[in-house]
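Below are structures written as structure tokens.
In what follows, subunit A forms one complex with subunit B and a second complex with subunit C.
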Partner chain A sequence: MVKIFHLSWKGSLLKEKGMKTLFFLSAISAIIVIFSIIFFLFRDAYPIFQKEGVVDFLIGMRWYPTGQPPLYGAFPLIVDTLLVTLGAMLIAIPLSIGSAIFIAELATPRMKAIIKPAIELLAGIPSVVFGFFGLIVLVTWLQITFDVPTGESWLAGSILLGIMAIPTITSVAEDAISSVPREYKEGSLAVGATRWQTISKIVVPSAISGITAAIILGIGRAIGETMAVMMVCGNPTYGLIPNPITNVFAPIKTLTATLGIEMGEVATGSDHYSALFGLALILLIITLIVNILATLILGRLKEKQRSGSKRLPIISFELAKKIKQSLYLFIGIVIIIILLMAVGIIPVICILIIIALMYYSLKKISIKIKQKIAFSIISLSIIIVIIFLGIILAYIVTNGVGALSWEFLTTGPSNLGRSGGIFPSIIGTLYLVAGAIAISLPLGVGAAIFLHEYTKEGIVTKIIRAGADLLNGTPSIVFGLFGFAFFVLYLKFGFSLLAGQITLAFMILPTIIRTTEEALKSVPQSLREGSYALGATKWQTIRKVVLPPAAPGILTGAILGIGRAAGETAPILFTAVVFSNFIPSSLLQPVNALPYHLFTLATSIPGSKENQAGTALVLLLLVIGIYLIAILLRNRFRKNMKW
Partner chain B sequence: MTSKDKLIRTETLNLWYGEKQALYDITLGILPNKITALIGPSGCGKSTLIRCFNRMNDVIDKCKITGKIFFHETDIYRPDADAVEVRKKIGMVFQKPNPFPKTIYENVAYGSKVQGITNKNQLDEIVEKSLKNAALWDEVKDRLHESAMGLSGGQQQRLCIARSLSIEPEVILMDEPCSALDPIATAKIEDLMTGLKKKYTVIIVTHNMQQAARVSDYTAYMYLGKLIEFGETKQIFENPKEELTENYITGRFG
Partner chain C sequence: MITIYQQKEKQKAGMMIISIIVILALSTIWFSGCVQQQGQSGEAIVLIGRDSTSGTREFFWTYVMGKANFSASLLEKNSNGAVQQTVAQTPGAIGYVGLGYVDSTVKALKINNISANVQNVLAGTYPISRDLYMFTKGNATGPAKEFILYLQSTEGQAIVTQEGFVPLQNTAHYNTSGKTLSGTLTISGSTTVLPIADKAATSFKILYPGLTITVTGGGSGAGISAVSQGTADIGMSSRDLQTSEQGKGLVKYIIGKDGIAIIVNPQNTYAEGLTLAQLKSIYLGDITNWKDLSK
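Presenting the complex of A and B:
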């Protein structure tokens, strides 16, 4: 009796251990990938660091790799990247925070039910579609309106990046504002504060760390963005800091754009090649720092919510107040100095006087009128956002719909894509996405199961989560370079479907891990306990009790991953795609894909306007359609998950 | 007592949350400088009713109200009535202590600040007076500029009372103010309430019948969104007229 019992126990234990090992291996995949990326970037960047010296590479004032002698100074590229991001944030931050406040506090439930998913949907528009719009419409508009030689400039990049960052920042900031406890709001209203006073003095300050994290995430996205920036910023042959530095119409060249443009024309193993990897490493480090900051802030926020915000703040309130005041003072001085440099002393004094007058007149007007002004500004910001995005969507739809036909979807391109259809690109995109999801779904789900079901929160989960977060913040062009160095060259896959699939898979892995984890979290602990109480093993419990109710959530994550993979260009630029009407018959052949087809048409094939818009529309519909399914599925899932 | 004596008076008040009706034809009058308790089983609408008195239900989406509530013979639900003005006169203390994530001082000064008082001395005075009235001053006077989140639950609730006193309302609504507190903290709040009625009119929602019997002058018994019986506390507890009331207070259900 005892023996039999013992044996059966041992058998299932083996299986349990096997499953656990399997899940552990998937969980550490995220860490392995991020370390491999760093390793390969560093390996290929090392020669230039050795030759030029790290410091000289960083602070070198000229980037001119094709000059005689070639110059490899990354400094202007770094400055340009920061400038375009700064401009983008000046546009995106006020509009996004205004929109977030509107959605969370002012919108009626019905408006909220429409605007919120719409904003999320807009976060899914592929960057190459934004770039296409920027190149055709925005750049021309700037050129004519401001009567400048070319609209391809810092300003164009900032406007486009700003619009692109709005959905991300709005969505995260709105979450933060909505999660401020209703009790705070009621407490404020109950002492006779107006809605605006409650929002400005209680709700927004309580959500400030979430809003900060939203802004930092937006900055991270803007720094890492490649395609749109590459298409509208002008990219002079040699990287230069705008002269004067406030000249927003100067063409600029960001880190990402340099990689996107020059990587395709460089001899493997040359100094130039190595220097590009050096740039990628710089880019990765900048975005990693930005993302770690955001993660830390959001992490502290979550902890605070969990412990019922009982924990005292690390710094005292008075100190925080002083820090805040000196920060404002500092920002104020910086802005004044920039303005002084830009426009001279007399206009600055005028501006200061106007601000002072406005400040004092604001103090005098009644609380009610203040509320009206504030609400109008907030409503205005969401209207501007809707108009921006509406113009982009309307342009693509009205111009693309003419090209759309059954033939367009089912035939190959002819005359270099000026006529004919986009069938091979559609098939290529489907192949790439199918492969990417086939690789990342098991890995991501396995990792999430390990994180949530097999380990207690601790150092191991922290490291794995940090790995996934870092991977999530890695710019897509960096994935592209890594894929090129590792799959295409090192593993000798060549430009191939397989290299593109794996690269995309790594890129969407963090999305899958995170959404799966959320789905697992939503399964109540009591269900698991019920299963254990019946003598089920861990794996049995997971398979039969936990996974079925979590399946719709996992599916949502998978669909979000598919949407992202379908719209991305940068990761496949140097790993998989060629501009052709070639349909691969093996995994080791190259493909064409929708975003790449659009990119090539828009940047290098004059006279293909109709097909550009048609391709953009198909890509847009595909990606938005995928996101729409994911959002609908998630909302349904959330509604049904009232345990 | 005539309707002129009543400080707050409701007339056929009905309330819906979306499709669901939560209050049916409530008509009652609240006398000034008395403590009125609203009692009844969970979901009877007592919290919903008390939130009508300072228009706190305005915060909730899909909440619809018909009927009238008079405060000093002015209908607070009149179309041109301003909820903000109502709340300056009718303060509220909530079920769960809800201090803002600010300092103790800032919590109490908040109400005055939003009404435009910026003079530091004046604010200091208001804070001290309010905290004294809420019997909290001695416990916190040395740490006014520390976070209110560091206070105990009972202290936090008294801070919230001080916060509502700071703008000198006429009425204080208390929505189960002791339900999240231990017996000692509860006793302190009850003592406080009795003191408050000299200056203020207090309406309290409670699920604790002993509490209602101990502190209140008048009691309203509600059941399923309807006002079943309303009268002097002594009469309600010793000689209820309605069978439903009797069943509840004798513990036959509830």
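Presenting the complex of A and C:
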């Protein structure tokens, strides 16, 4: 009897150890992935750095890989990438923060209940759908409205990227503003401040770290975005820094667009191939810098908030005020110069007079009117956002609904997709997504369990978290290049379903880790302690006590991952997809997918207008449907969870 | 007190909704007005071309440009269709595409006073034309060999003609008697050749029901690298092998010819035809306005 007990105890000990090792292995998978991405990018980029020199590669002014002699200058591409991001942020930041304030502070509960999930849903619109809209509508509209030779420009890219970033920034910033403690607001209102004074002086400054995080998230998304910029920015052949640099109608060529365009036709192993990996490495480094800056800024802000007024500020209040003033002055002068170059001197003077008048009248008017003005500006920003997104959705729905039919969904394309349906692409997307989630869900959940249940916060968890964060910030096209170099070429999978599935799995891994960790965090510690007190082992506790209540949260993460994988084009562009009427029967065969089908129809097949819009609509419905399920599930889960 | 507050909230919400509707309506009107308005911007030349790894571009660059550098304002598109679509959307644009991509949405220019059509390419009078290739690793065998034979036959060349390309001369009928094929055949590469291979694959499958054929685009370079690595059986290309691609045992088959059409927007009233020299100075960036063409 004793022996049997002993045996089973030993067995369960072994099991305990085994589970822990398993979870540890999945936890370090994120690190392994990020390191292998860096390794493979570097390995394939090395020949060009050796040949051209890193400095020459970075500051060379011309990108002309097929010229004689070939020129590999990445400088204009880097500048263009930064410019298009800057433009996007100028559009997205004011609108998103205005919208976030509106949703958190001004909207009635009923409005909030509609607008908030709607904005979250919009974050799920695939970038290729934005690109499709940009290519067909925005570019033509810009060209005609501003009477310029072509609408494919910096401005088109920035507008599109700005609109794409708005839902992301808004929903994260709104969370930050909503989580400002009630007491702060009540205290401010109690001492007689108006609502606007409370919002501008108390609420927003308290939420500033969350808002900063939201903005950086938006910047990261804009820098790494491929499909939309590739479709609307024009892509001048050598890379072109706008001349003058404020010329928003100049066509530009970003790092991501260069990769997206040239990767498909480049001769593998050539200098040009290597140079493209060099670009991907630069792109990865830029996003790493943005990520690290974000971590630093957030750390600073948190520290500042925690320490409060106990510590002496590094710079005195007066000095800080002076710095602030000169910064505002500098920004003002820059804006004036930009306007001068863009629209000429007379409108600028008019604008300046209007601003001056407004400034002096603002000083005179009562705080109540000020509040009214501020609130109407905030309301206006959310109205603009809704109009932007409404126009895009309305365009796709009205144009696409004509193509929708049972045949369209259940037959294959014919005449290169001009007629017929999209059945193979639907099946292909399902295959890709199913494989991606089957790989990333166990890895991600295992990693999160290890991070949250098995270790204390320390150096190991820090490194693993940093790995997951880096992976999260890695542009999707970089995953695509890595997948091409590693799975397609090195492991000889070829263009295959398998290569696409693993690449997508790596891309959604951080999302799953993060949401699972959140779900585990929401399970109270007392439940675990109760289970241990009854003699349960760690793994028994996790399996029987922790995981069941966390399951809906994990499921939400999985669904968000599915939504993202279904809408992404760049990671599968060089690893898995083909444009054909073909349903794979093995994992090593290529596949067609909805976003790629749409991309090819929109950019390569003239005369397929109706099927383009139809495909866009189906993709949109699919992804938004998936997100809707995730949001509903999460809301239900939140309501039911009362400990 | 509460009811007054609620009423105010309701009024506010009502005002908000009304203002949203008004602004939506106004912006829609403005938006549609802008779209319908005709621009005057068709005078500046907008250069459209293919990306630097495209076979079409390489041919154009070698043959028309004499390997001189393109103007820096050349906008790159990654397929023939994208060039055609952009030219159709942009009043001042000029672009080059395979003959098969010319339709009513764009206007093909005469070059040296010769119209861009199949007859003139066949007769050898149209100045910008090239061969289309299929590559296999070593001599083609099995399904790949049969597919290439089929493409080079009268039946295959009918498809080449149908798709707007220029067929080979003196072809024989394809003979299926006694042959059965099974397994898979993967074809990938040039977007120029893609429509031909796609159609040919459909009718080839009728001849050999046991065969699974995959046809994929990706570009000439992708096709050539796929076939040299063995991930595709046939690589399609609209250009010959580059130095870095030689010595890998690839065998070349010519399956047709293609004329390169110079296309402009149908609204363009400045040019009906160009000389090769004019075309070159346009793409060099020496002529930047359609009005300067007649000077």
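Note that in this section the second predicted complex is superposed on the first by the 571 of 643 C-alpha atoms of A that agree within 3 Å, B and C clash if a C-alpha of one lies under 4 Å from a C-alpha of the other, contacts with A are read in each partner's own complex, and residues count from 1 in each chain.
The definition used in the following text is that contacts are C-beta pairs under 8 Å (C-beta built on N, C-alpha and C of every residue); 3 or more make two chains touch, one makes a residue touch a chain.
The structure displayed is predicted, hence computed values, not measured ones.
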By the touch definition at the top of the document, which applies to A:Ser476: first (subunit B), second (subunit C), both, or neither?
neither
Contacts for A:Gly187 in the overlay, against subunit B (first) and subunit C (second): which applies, first, second, both or neither?
first
Where does A:Ile367 make contact in the superposed view: on subunit B (first), on subunit C (second), on both, or on neither?
first
Which one hits more subunit A residues, subunit B or subunit C?
C
Which partner does A:Thr85 contact after superposing on A: first (subunit B), second (subunit C), both, neither?
neither
Have a look at where A:Phe495 lands relative to subunit B and subunit C in the superposition and call it first, second, both or neither.
second
Does the superposition put A:Thr287 against subunit B (first), subunit C (second), both, or neither?
neither
Tell me the contact category for A:Glu262 with respect to subunit B and subunit C: first, second, both or neither.
second
Which parts of subunit A are in contact with subunit B and also with subunit C?
108
Residues of subunit A touching subunit B in their complex?
108-109, 181-194, 197, 201-202, 205-206, 309-313, 316-318, 367
Sort out for me which residues of subunit B touch subunit A in the complex.
54, 56, 59, 61-62, 83-85, 87-88, 91-92, 94, 96, 98-103, 106, 110-111, 114-116, 145-147, 149-150, 160, 163-164, 166-167
Contact set on subunit C toward subunit A in their complex:
9, 12-13, 16, 19-20, 23-24, 27-28, 31, 34-35, 37-41, 44-46, 49, 51-55, 57-58, 61, 67, 69-70, 72-82, 84-86, 88-93, 101, 103, 105, 184, 186, 188, 191, 194-195, 198, 212, 214-222, 224-226, 229, 231-232, 242, 244-245
Within the complex, subunit C is touched by subunit A residues 64-68, 108, 110-111, 137, 139-141, 143-145, 147-152, 230, 234-238, 240, 251, 253, 260-262, 264-270, 272, 379, 383, 386-387, 390-391, 416, 488-489, 492, 494-495, 578-580, 582, 585, 589-590, 600, 603-607
